[in-house]
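In what follows, a structure is listed as structure tokens, so that the remarks can point back to it.
Each chain carries a letter (A, B and C) given by its place in the written order, and its residues are counted from 1.
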């Protein structure tokens, strides 16, 4: 009896502990949402908000962000850079993943190591190196420079996800198609691509999210015309902290949840 | 190797090895140009700096034959005077003086002041004129520093990055006590990274286990709770912590309201090491939970129950049966968190105040404020070697091709 | 009537096209200039004081960017060759250094307008208010300030009080920069006004300054933008803080904040507008520098914020605050009662040693 009681106690303690950790993970993100509707320029709950006073809540920060030209320019930059970098990264990354999952690939481990390295290299080092090098090429403070840089930082995500999907791919399918007279391109387009498409799309989403959240390279290499959303948030947090940032943060959280659900949906589809 | 026999069968169909390599090649070239070349360029910059050598070629040429013990002769003074004036005219003097000052502090003002006032000096003797403007020209140390700054290739920045320097005799000694900072910061970065990794493991392990052994629907929901922070923008998460932890923030307000602390006793939880530590743990925790989860979910539940039915206590069955099987996940999670932690920049920069800064922040400082790019490159080089070492270790222990996302 | 409508339609669309074309051309012709300044109340005062009039008179649109001092961002633009800042409102030491390093374009003093009384600019401006890259426009000062509502019965009245944690417990705001802080520390440690820079010039003196800062280091909240200290003081984040005197004046008169300036040991500095080397808008930039340097622009700026004109002939033009009608004279950093315990910032020392001090300071800060 005592052991069961004791076990019960420990089990509850264990669940309680896990609940605390989950709260630690998620509460900071949730707390921003109500605060972004604050009618006052503060970062904390006002008494009116706690009393659920309608006047204490407002959409003013959202209005301010939507009307502010700087934020809409930042969004346009983020989208332009993010989408271009993603297209580049996804195309190159998918091709490379096809090669890397072929057991005949020479120096496979080394090549994989090199191609994944942009993901683990501290971004401050990548950004510093890129600043020097791209400046010499005249690519600093251009959109093209940032697109190339973000594409480089995004490719590992594509390589990893597509390789993972290909691990579940049955080579016999390609062989069967080839034996029936399909050329390599047709095999890829008609057989392989539809099967690995979920991996390609997830990889692309990862690459886009990485670019959409990247601030250090933009900080070092971007000029005034390349200000992105994270860059704008960065100066907002450092200099003139205003609740408008919280409104943007809520937008970004919504984005994150959409990305996450899409990737998870694709993963489950792929698993079947 | 296996390409050779394949070629006999047909010229139009390249062998599978070659075909695979051709698929990988575009990305390799792309990464080579956009990513690896910049890193190489940075490493070159950490040892190569031609500014002084280009601005004072005549003086440096003459200094090569100087014995280094007595003051140099009039010809060298004359050469320097001429080149200083020219450098001022070309407006490169500032950069030259800055670099020489990094070899010996205080020389910047000697150079700029001398160049500013030499304009009024018609002609020699130059030694007298220059020593009259600034006493530094009467000391051999100044000339030694000048000669050292004139080297195109130097290890000086690496020494500097390790709080070392060369004394006038050429041997390597430590920097004076109040100038030492980088070793302190490397050490602090190491400790913080170890601390964050340990904390992530301690709180991530039970959570991963809970998710791995929950019924599928609940597991999916719980996993989402881990994935939401994983996907949420880093800047958003950092903003959240500012909102929660700052002096007039949500937590302090709550504590004051509950009477835990007085209004004048608000806790300083942010813009110091606490802020850095808490926010970093939050950001990196998913990187611990996810690999642990994927290893744990492959462990059949029956094993531990079997052990317990054979008389093992809950602790024994965990420690003897369960834990050893999760070690690959523990290794993967810890290495990943540690690698990410030692290069951390954004979070400490925004919530670390002055005491919560790590080595990356010093690199950013030299990149953006002091513009001591050579030193930034040297610090980056050292950090890069550390990360590369850990990366190779990760490959050995976990295998890079087994890396998964989300 | 039937075909009158299409005719009308054609006419209207022609007019729209024409309007669009001419509008487009006008927009293309309209020049713009990026002016980088210190943000907040000061930028607002510049806009009201002289920028609006400049835009009206020249048709050049002025876009404003924020900046917190230093040369790093300018150098990055000049080195990379993509200059997107045109004119920068700078501290004198930075102007001299930027000029030495080729980051700013040379500006001949004779191109500046004569004084209000007709004296040439070169004589109207003080000798150290002229650099090879342009004249200075304002005197401003870094002072320390406390919030009267929070300080208690005894009030601080000297720099030493700023460092006295026993008499005045609580956090202090200071600028995240060695400038002014080193001087403040030495003044508080008893170094006479005229020996401050000579002391800083020695290793021992520098050590003394840092040791004095050490005594309050863990109580300091660092600020970077000039708009932060009044905010920190109002929020109760700090009990006293260093700040630019003009911002405090604005908070006092426009927001009724009970802030009190301690003028003892104020560090008086001058500022001017530099043209970034390689700007594509040099002509417009030159017009702007000349405009801002006129006695009238200086005096007008002084009607919105308590910064005094650097020209002698403009001093007599100081009048009342444009929005409240308060006499500006007693609030100016150069007014006789405020200036007698002032330390004049030694721009030569800072332009020579600024970079090294920044490095020493950041080392000290991160330890």
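Assume a residue touches a chain if its C-beta (ideal position, glycine included) is under 8 Å from a C-beta of that chain, and two chains touch if they have at least 3 such contacts.
Please read all numbers here as calculations on a predicted model, not as lab measurements.
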_As a teaching exercise, work out the groups of chains that remain connected by touching when chain C is ignored._
one piece
*So which chain ends up in the middle if you average the CA atoms?*
B
*Approximately how many whole Å separate the CA-defined centres of chain B and chain C?*
34
*asked:* I'd like to verify one number: the distance from the centre of chain A to the centre of chain C, where each centre is the average of its C-alpha atoms, in whole angstrom.
replied: 40
*Quick one: chain A and chain B, Cα centre-to-centre, how many Å?*
22
*Where in chain C do residues touch two or more other chains at once?*
none
_Two-or-more-chain contact residues of chain B, please, as numbers and ranges._
248, 368
_Can you pull out the residues of chain A that are in contact with at least two other chains?_
238
*Partner chain A, residues of chain B touching it in the complex*: 1-2, 15-17, 19-28, 30-31, 34-42, 45, 203-204, 206-207, 210, 222, 224-244, 246, 248-250, 253, 282, 285-286, 314, 339-340, 342-346, 350, 360, 363-364, 367-368, 373, 376-377, 380, 383-384, 387, 391-392, 394-395, 400-401, 403-406
*Can you name the residues of chain A that touch chain B in the complex?*
7, 10, 14-15, 17-18, 21-22, 24-26, 28-29, 31-32, 35, 42-45, 88, 92-93, 95-96, 98-100, 102, 104-106, 109, 111-118, 120-126, 128-134, 136, 148-149, 151-153, 155, 157, 159-161, 163-164, 202, 206, 209, 212-213, 215-216, 219-220, 230, 233-234, 237-238, 241, 245-246, 249, 252-253, 255-257, 259-260, 263-264, 267
*In the complex with chain C, residue positions of chain A that touch it*: 135, 138, 140-141, 223-225, 238-240
*Would you pull the chain C residues touching chain B in the complex into a rising list?*
70, 72, 75-76, 97, 99-102, 176, 207, 210, 221-222, 235-237, 348-349, 351-353, 355-356, 358-360, 362-367
*chain C residues within the chain A interface of the complex*: 34, 39, 65-66, 68, 77, 79-82, 84, 224-225, 227
